[in-house]
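First chain A sits with chain B, and in the next complex the same chain sits with chain C.
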Partner chain A sequence: MRATDNQGSFLNRISIRRNQVVSMDGNHEQDLEDLELFQKYVADRFSDLLSSSSDEAADSLLSVSWLRKLVDVFLCCEAEFKAVLIMGRDPSQVSKPPLDRLVPEFLDRVVKALDVCNAVSHGVESVRHYQKLAEIAVSAFEQRPIGDGQVRRAKKALNSLMLTLEEKEGSNHKSAERAWSFGRRGATNKDRAAPGQFRSLSWNMAKGWSAAKQIQAMSANLVAPRGAESSGLASPVYIMSTVTLFVMWALVAAIPCQERNGLSTHFPVPRQLGWAHSMFALQEKIAEEWKKKKEKTRLAGLLEETQRLERLGQSLIELADSFQFPAEAERLEEMASQVAELADTCKKMEEGLVPLQQQIREVFHRLVRSRTEVLDVLDQVGKVSAPSM
Partner chain B sequence: MGDFRSVLPLCEGEQHVIAATQHLVKALRASKNLDDDLRKILSQLESHLSGMTILSPESRGTGFREFEQQFKWAEEKIRGWESNQSLMWDSDPLEASEYLKAVVEIQTLVEGLQRLSMSGSRKQKELLNQADSILQTAMSRLEEELVHILVKHKQYFDLGNMSFQYYGKDVVYDESFVSVEDMRIEEASQRNNSGNESVDCVPDLVHPQVIPHLKSIATVMFASNYHQEFCQAFVSVRRDALEEYLVILKVEKFSIENVLKMEWDSLNFEIRKWIRALNVIIQYLASEKRLCDQVFGDLGFLNPFCFVEISKVSLLHLLNFGEAIAMGTHKPEKLFRLLDMYEVVADNLLYIDTLFSEEAGTCVRIEFHKLLRRLADSARATLLTFGNAIAANASTSPVPRGKIHPLTRYVMNYIKTLPIYCSILNVLLKDQNAASSNPVVELENELEVSSMAYCPMACHLRSITSILEPKLDSNSKLYKDCALQHIFLMNNYHYMVEKAKSSELKLFFGDEWIREHIVKFKQHATSYERATWSSALSLLGGGRAGSNSTSKTILKEKCRGFIIAFEEVYKNQTGWSIPDPRLREDLQISTSQKVVLAYSYFIGRNSADIGEKYIKYTTDDLEKYILDLFEGSPKSLQRSRSRRN
Partner chain C sequence: METNLSENSPSFGRKLDHPPNPREDTEAVFYANQSSETDRLPKENVGEDDRNVDDEEIVQGELTASSGPVSDPHLNFLKVSENIDEFLSSLPSNTDDNNENENVVPVQIPHELIDTFLDLVEAKLSKLEGAAQCGDPDEDLSFLEAVHRISNLTKSLRQLKLDSHGSRIFNRIGGIHQRAMSFLEEEFRFLLEESRTTGSDTKGMQDQQLQMESETTRDMINFPGYPDDVVSSMNKMAKEMISGGYESECCQVYMAARSNELEESLHKQLGFEKHSIDEVQRMQWESLEREIATWTKAFKQCATLYFSGEKALAEAVFSDHPSISASLFGNLTRGVLIQLLDFAEGVAMTKQRSAEKLFKFLDMYENLRDLMPSMESLFEGECGDDLKTEINLARCRLGETAILMFCDLENSIKFDTGKTPVPGGAVHPLIRYSMNYLKYACEYKDTLEQVFREHSKIERADSINRPQYLEDETQSLNNQNETQSRSPFSAQLMRVMELLDSNLEGKAKLYKDVALSNIFMMNNGRYILQKIKGSTEIHGLMGDTWYRKRSSDMRQYHKNYQRETWNKLLGCLNHEGLNVNGKVVKPVLKERFKSFNQMFDEIHKTQSTWVVSDEQLQSELRVSISAVVIPAYRSFLGRFSQYLQAGRQTEKYVKYQPEDIEDCIDKLFEGNPASTARRRP
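Let's turn to the complex of A and B:
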């Protein structure tokens, strides 16, 4: 499903209807209807996601293609949300309590989400590096006849891959640089992995920036509206905040990001509310995955393809270790099937990672634009209190 | 081995042809006048030919043994370096080229053997395995050498001519009311030397001497199908070099959240660094691109990918800072920096489009175009905010002594810095107008476009002053004294006219505007005179009333009344201020002309009737006292009167 589909969208309906409404007071009944439609929309999109995540073959949970769907869902929900919040609405409604507090809080979350987008998009760059190393192994293993040289070549690439997967932020880099500029060669074993070759990619966000803290901060003051508020505009703001939080959280869990230590596995998804059922189920599933991984191996992220590279890489290294020329047919077969799976994974990454990166950038731009639009609305209301000199 | 025949059925004649061709190719390759394409084709041909000869039945006997010997030689060469700790190209480039020759031998052998691997003898398979293994050793070694050469011979271009010290922390601008006046000149000089002197010279990022080494490593690694390793190593070293360069340029990493919260002073400082960094980095990338072209040359399609991989991360970083700035609040003082940023992106845009013209670079290109639009929007919004802020300004107390209102000063000095951005502003404002105006108006604009006074920026400047003027009028109402209201307005309009007449603004405000506003401040001068002097002067007027005692008393009263009125004016208006000396002088002279003339006429006609005792001041006295008016330091004539009495 593409972001542009807008299937089941009521965006147009809202805009047409609003244009017909002369009264600027805002119509409570109409708001209620909008809210219901929006809730249903969100519920449907996430239930799609949930059902496709259980589908083993195509877009399994946290695979590249699933993440792309997730980001698409976000873009669709965001468009609907904006329609509900500002399209054709009297700006003064947005500045009344409790929205005068909730909207700025929401915008604050948006800014945090922007930084998360950048960190994640940077993380995708690291994942592409994993992919490239795996591809070297694939092309080495695929050579026929396979000899010691190509096996060593593949092993070198895979060892690099394993080291990179476990590599902590900022570690190793300086020493690697020193080794390069030293002018002497290090160990004589040149087939060993060169972990530090990827220094720049960890220099990504501002010093001290932490994805975990960012997610934490986004959920900090997120409280479901109660009583009369729950039927007003406070609800869509709350829903969209939760959607944003969930999507950012899932991305951070899947893709390597600066400082994920202490990333919460739970934040308040209100399972009792209809629109959040599927989201809650997804959260449970992802949290389960997160807990399964050990601290050490979590660094590379939960991305399905990354995990696959890790598993195949490990097993192929073992196979390579016991490789002897000339290879036995049985062993070759075993190797070939794993290599085929590795090649398939690489292919999926090759097809999906760059588009995912572009989609995340689209999210970034969309959030920037929406923020500007909301600020403009607030500005119209607050003209009187324009900054004085 | 009969099976060879079926695979590669070569007859004896063909063998000779192949041998002859090999000689020819070898001779040709030795020639120096070959272009890279041809050289590549020849080397491929050579490897094919040698593959054919290895496998020919003829060579099976003596040939194969000869080949094994050759393999031994190459293997020794490669293994020999394994125990050697020093780096090849460092120690002996000649040795290095020998090494490469050995690698090519192995490569050729591997290719040849692979082609018949399925049917080859055990011995051949064994040899292939050995050759493959030694090839891997060599490739690993070459990768290492590549990284080493790239790191060791890395060069950065000199930043000396880019006025680095200008951006030192000590030069932090305070663009408040006061200092904005001096800013423009420095701005202008900065803008001049940050121009695009750049593009003509493309400095080297790696010492030119090692380019052939890099190229030969690339050729060999690509030929052996190790292009992935080559690109990985090359890209990561070059990417790190670029990141390092950003550190040299002191570009720091900020989250968007941080940028939005930053104080203006530090933000201003970071923006300046960013502008400079972007200029420098784009030049740097031109060099990077050339390096890629030199190294990858004819090795094909990977070149643009590698170039984008090298530059993407750093550029995204710069782009994000730009986005963050464009997202921030639209404080008026930010306008200049926004315009600077807009300018640097606009200036480099064409260049960026060229650097990233390949499909792989599309995302980079699009991002810069987006950023440019965003900066334009933000600059327009800031201009709008500036106007709104003027309109929202609410003074509750009058400016002491009727002097220039800080708002007038601020607005006019702010405006005065805009003409250096004229062409950008015209683009920005024209876009804006185009969006909202109808075609007829646009046609009208077209016709008048020749005149500077009608360019979009000029119209905008005047629209800003037209927001200011009613503000001044309402501010003047804060004075209780009507005469002071006029002094205030005269001062402020005069200030505006003076600024508008400056060389920077003159053409944009145009003669008509200037004339209109001169009339305005002159009117206020006239009104001032009327408000202050008409009642006092009316005492001195009136016809001659005969010389009886009643009229004498009246004359004395009139004289006394005038003197009291004059002293009152003196007491008040010496405290008022007309900061501009010429304007002050003009008003003093014109006041003098009216007051002193009337007084001297009155005295001249009536001195006999009034009696000298009552004529307290001579005309010279008055003339002198009038020169004390509007000096901004309150004085009084009371004391001198009491002394005289």
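Let's turn to the complex of A and C:
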């Protein structure tokens, strides 16, 4: 899904206007108008997100489909921002103080966001793995007639799921191994990572890379422009920085990521500013979820579907434990309804995770591209790249 | 299993000395109990759905099994298996689910036979799971066959309406099926993880290991390094798991094992370290350069060996399921490839701007470009297209950066606005730097041509900031033929040369002495021409017309210089004005000699400090100066020296003999400051 939703976009307007008025010094009034439009755009998109998040039906907060919306909002805001910042603008405007400082700082945040994108992308891979395990359980539980074999198969998958949900970050495969092996492992262990069954498939980030630190670093120097600056280009740069930070933070909170210990629940979203109202409200909600989760269970991320897998998995394991052949009708019914919910969750994941991953990759490429374009503009002024001889 | 494993090697990869699992033991007991149970199943739980259970439909009974007690357990097993197969083939084909109502053929379930069969399988399983002894390939094969029968039993019986007896036996089958599948899964994983010929400390792998030690490089060639018999075992196991409905488990195990292996190979064998993009931006060039070299190697290895090996393995293991092997291979390579490409993206983002760095970037670019064909044949379908796009994107990024780096030379030239002229009109460092840069760059001519052709047009649908060279391109369309046919890279090169020219002209103006200014132009012009002559690539790009034009410019500078310096001097030797009414005017003659001497002294002093380091140019200049000055002086001297009194007067006015002049001319342009006080130019 590409963020080419032109509705409410003022991108075209700007380009038309800019083509008409070629002003070398920058037209202050026009800038103000652009800024207002941009703020309104951001406010509207996030208010949509907020209202859909309270909507119990389809895209509840932190569900896969909600995250897809979030990423989409990001892509849209990003396109608008680029229009405001560089389209048809005299490059020298972008290189004047305070932008000569703010823009490179922004680009630095963009680089960090790229790593976050990659980490989240790996994380989605882990979530897909959760999904696969849950699907095994679903297919086993759905077998009729159901017998001990099916139940044991399902339980095995669910146990594995539970362990995987907890094992992230510390990556302690030991426990997984003990629970899973036929007892044939003990004598054969090697110095490599313990071959826990159903080992997670995610590709790791660089050693020592920490999502929490990265988010922290992205929020460094992020200060709302004051006074005269607040009506200039400094504002959109600040807004986009905040949007980027918020979106990356939400993704990191939702999807398992390398090293999230100490992920801040607060960063400076300026609640007093109109465009940030909804974002602030969302942040509060997510932060609350984050705090609610116990340290251990938080590792798998706040993704709604993941939490559902966790809850259903736990309960189905209990049901499986008490399963006796032949099954009683009552138990089967109880089981069936939970299995149906589990299947439904898996279906949502199946439908949404790959597209989400693709969207995140799109964000990655978009950020790279935009960064290049901004640098290009700066290059034209020749401020960024001092001639190196 | 048609394998030739040595005594020591495991059959499926089984390990020695496994303590039997207590849990499995209890399960075995549990099953033993169950088999004697005769629970009655509530009617509504029987069957797949809520169809009516008609007792009459299900005829209970046993197939009159010819399974009398046979003393040899092996023979017994064979016999029982045969009977099971008979039973299975006696069942109506159940491919059509919709026909359930018509499926009225009563089925007799041979309980006793199945129980006997299950007992035997269970015993086999327990033996295998315990596996204190190394496995027997025949035993493994018969186990796989047994698993296959169990899968078929499961599938077939599920289609039937079962009574309580049938349900009990179905449950038992299901339990053993699960147990067998779990066992297979473990074995499959074990083979994947432990049976590579590079496996270091696996017992039973010693034979292969010994082989390996003698040929360590074989590992590189023989990726992923599973012996053929292991691959064939894995293939059989995968087949059984998939046909038994355990495709997910099988794929998960495969993915986990292979992705770990790939990661490890990438890291341990190729030395590829993961770096975050952020980290790459902060890296010192020296470290980055090292990482780029590693990356180049690793990428090549992946593209030419690892990926194809991975694909061959997936296809061999899942030979009956091309879609499974394709998806597994796609996911595996994607993980590795994206990591590698992200490094390239990270590098492309760094602000490395100088000549030798450009070349590293171009190396990476060439790597991605040249390895694309070999990867193209590997990647198929949607996933493959996606990967190809990713590779191309990374290549674009590198290309764009390379363009920026190359175009940065423009900035270097534009921003070189120093106000201090080079002493003696020598070659300016900027020219030296730029020309050497271009010479090196042109060694990558073909790649740069491609880079400029393909990546200049950065799609900026939403931006009207267009790079300069694009505008030039459009402009040049209106120009003469030669520029019209220029490639974007040669247009860029031309642009750089034009910038250099205008920069030179500006620098030439810094010299107050017009003659020196011309010497400066000659020096630098010659340097440029020499460099271009020395590089067929640049020469080819700039074209003959350009070269000829430059050469003629050089002649013009030469003429200008000659005129500025020597025409004035030759004025002193002009015969005009010396003869008045046929008589030589002596005071004028003396004055002429005097000013000639003065002027020549001055020129000699000054121009000895000037620098022409190109020997050929130096000699050309001297020759041409001598050619105008010496004959004129000789003739002037021959004609007029007689009018001076010999002795004192001649000594005073004829300071130089023509030979002296020649000597002096031969000392010009040596950049020798000692001959006279330094003059400001």
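Throughout what follows, the second predicted complex is superposed on the first by the 350 of 389 C-alpha atoms of A that agree within 3 Å, B and C clash if a C-alpha of one lies under 4 Å from a C-alpha of the other, contacts with A are read in each partner's own complex, and residues count from 1 in each chain.
To be clear about the criterion, a residue touches a chain if its C-beta (ideal position, glycine included) is under 8 Å from a C-beta of that chain, and two chains touch if they have at least 3 such contacts.
Being a predicted model, the structure only gives us computed values, none of them experimental.
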item	value
Which superposed partner A:D115 touches (first chain B, second chain C, both, neither)	both
First, second, both or neither for A:A343, with chain B first and chain C second	neither
Touched partner set for A:A83, first chain B, second chain C, both or neither	second
Partner chain(s) touched by A:A329 [first = chain B, second = chain C, both, neither]	second
Per-residue contact with chain A, leading partner among chain C and chain B	C
Touched partner set for A:P91, first chain B, second chain C, both or neither	second
Overlap of chain C and chain B interfaces on chain A (superposed complexes)	111-112, 114-115, 118, 121, 125, 132-133, 135-136, 139, 144-145, 147-150, 152-153, 156-157, 181, 183-184, 188, 190-191, 197-201, 203-207, 209, 325-326, 365, 368, 371-372, 384, 387-389
Complex contact set, residues of chain A against chain C	11, 15, 18-19, 79, 82-83, 86-88, 91, 111-112, 114-115, 118, 121, 125, 129, 132-133, 135-136, 139, 143-145, 147-150, 152-153, 156-157, 181-184, 186-188, 190-193, 195, 197-201, 203-207, 209, 214, 325-327, 329, 332, 365, 368, 371-373, 375-377, 379-380, 382, 384-385, 387-389
Contact set on chain C toward chain A in their complex	14-24, 34, 39, 41-42, 44-49, 129, 131, 158, 162, 164, 167, 170-179, 181-183, 185-186, 189-190, 193-194, 200-203, 245, 248-249, 252-253, 255-257, 259-260, 263-264, 273-279, 281, 335-336, 338-339, 342, 345, 349, 351, 353-354, 393, 397, 400, 404, 408, 411-412, 414-416, 430, 433, 458, 460, 462-465, 467
Residues on chain A engaged by chain B in the complex (per definition of touch)	111-112, 114-115, 118, 121-122, 125, 132-133, 135-136, 139, 144-145, 147-150, 152-153, 156-157, 177, 180-181, 183-185, 188, 190-191, 197-201, 203-207, 209, 325-326, 358, 361, 364-365, 368, 371-372, 383-384, 386-389
Parts of chain B lying in touch with chain A, wherever the complex brings them together	82-83, 85-87, 90, 114, 117-118, 125, 128-129, 131-137, 139-141, 144, 147-148, 151-152, 225-226, 228-229, 232-233, 236-237, 239-240, 242-243, 252-258, 260, 312-313, 316-317, 320, 323, 327, 329, 331-332, 363, 367, 370, 374, 377, 385, 388-394, 407, 410
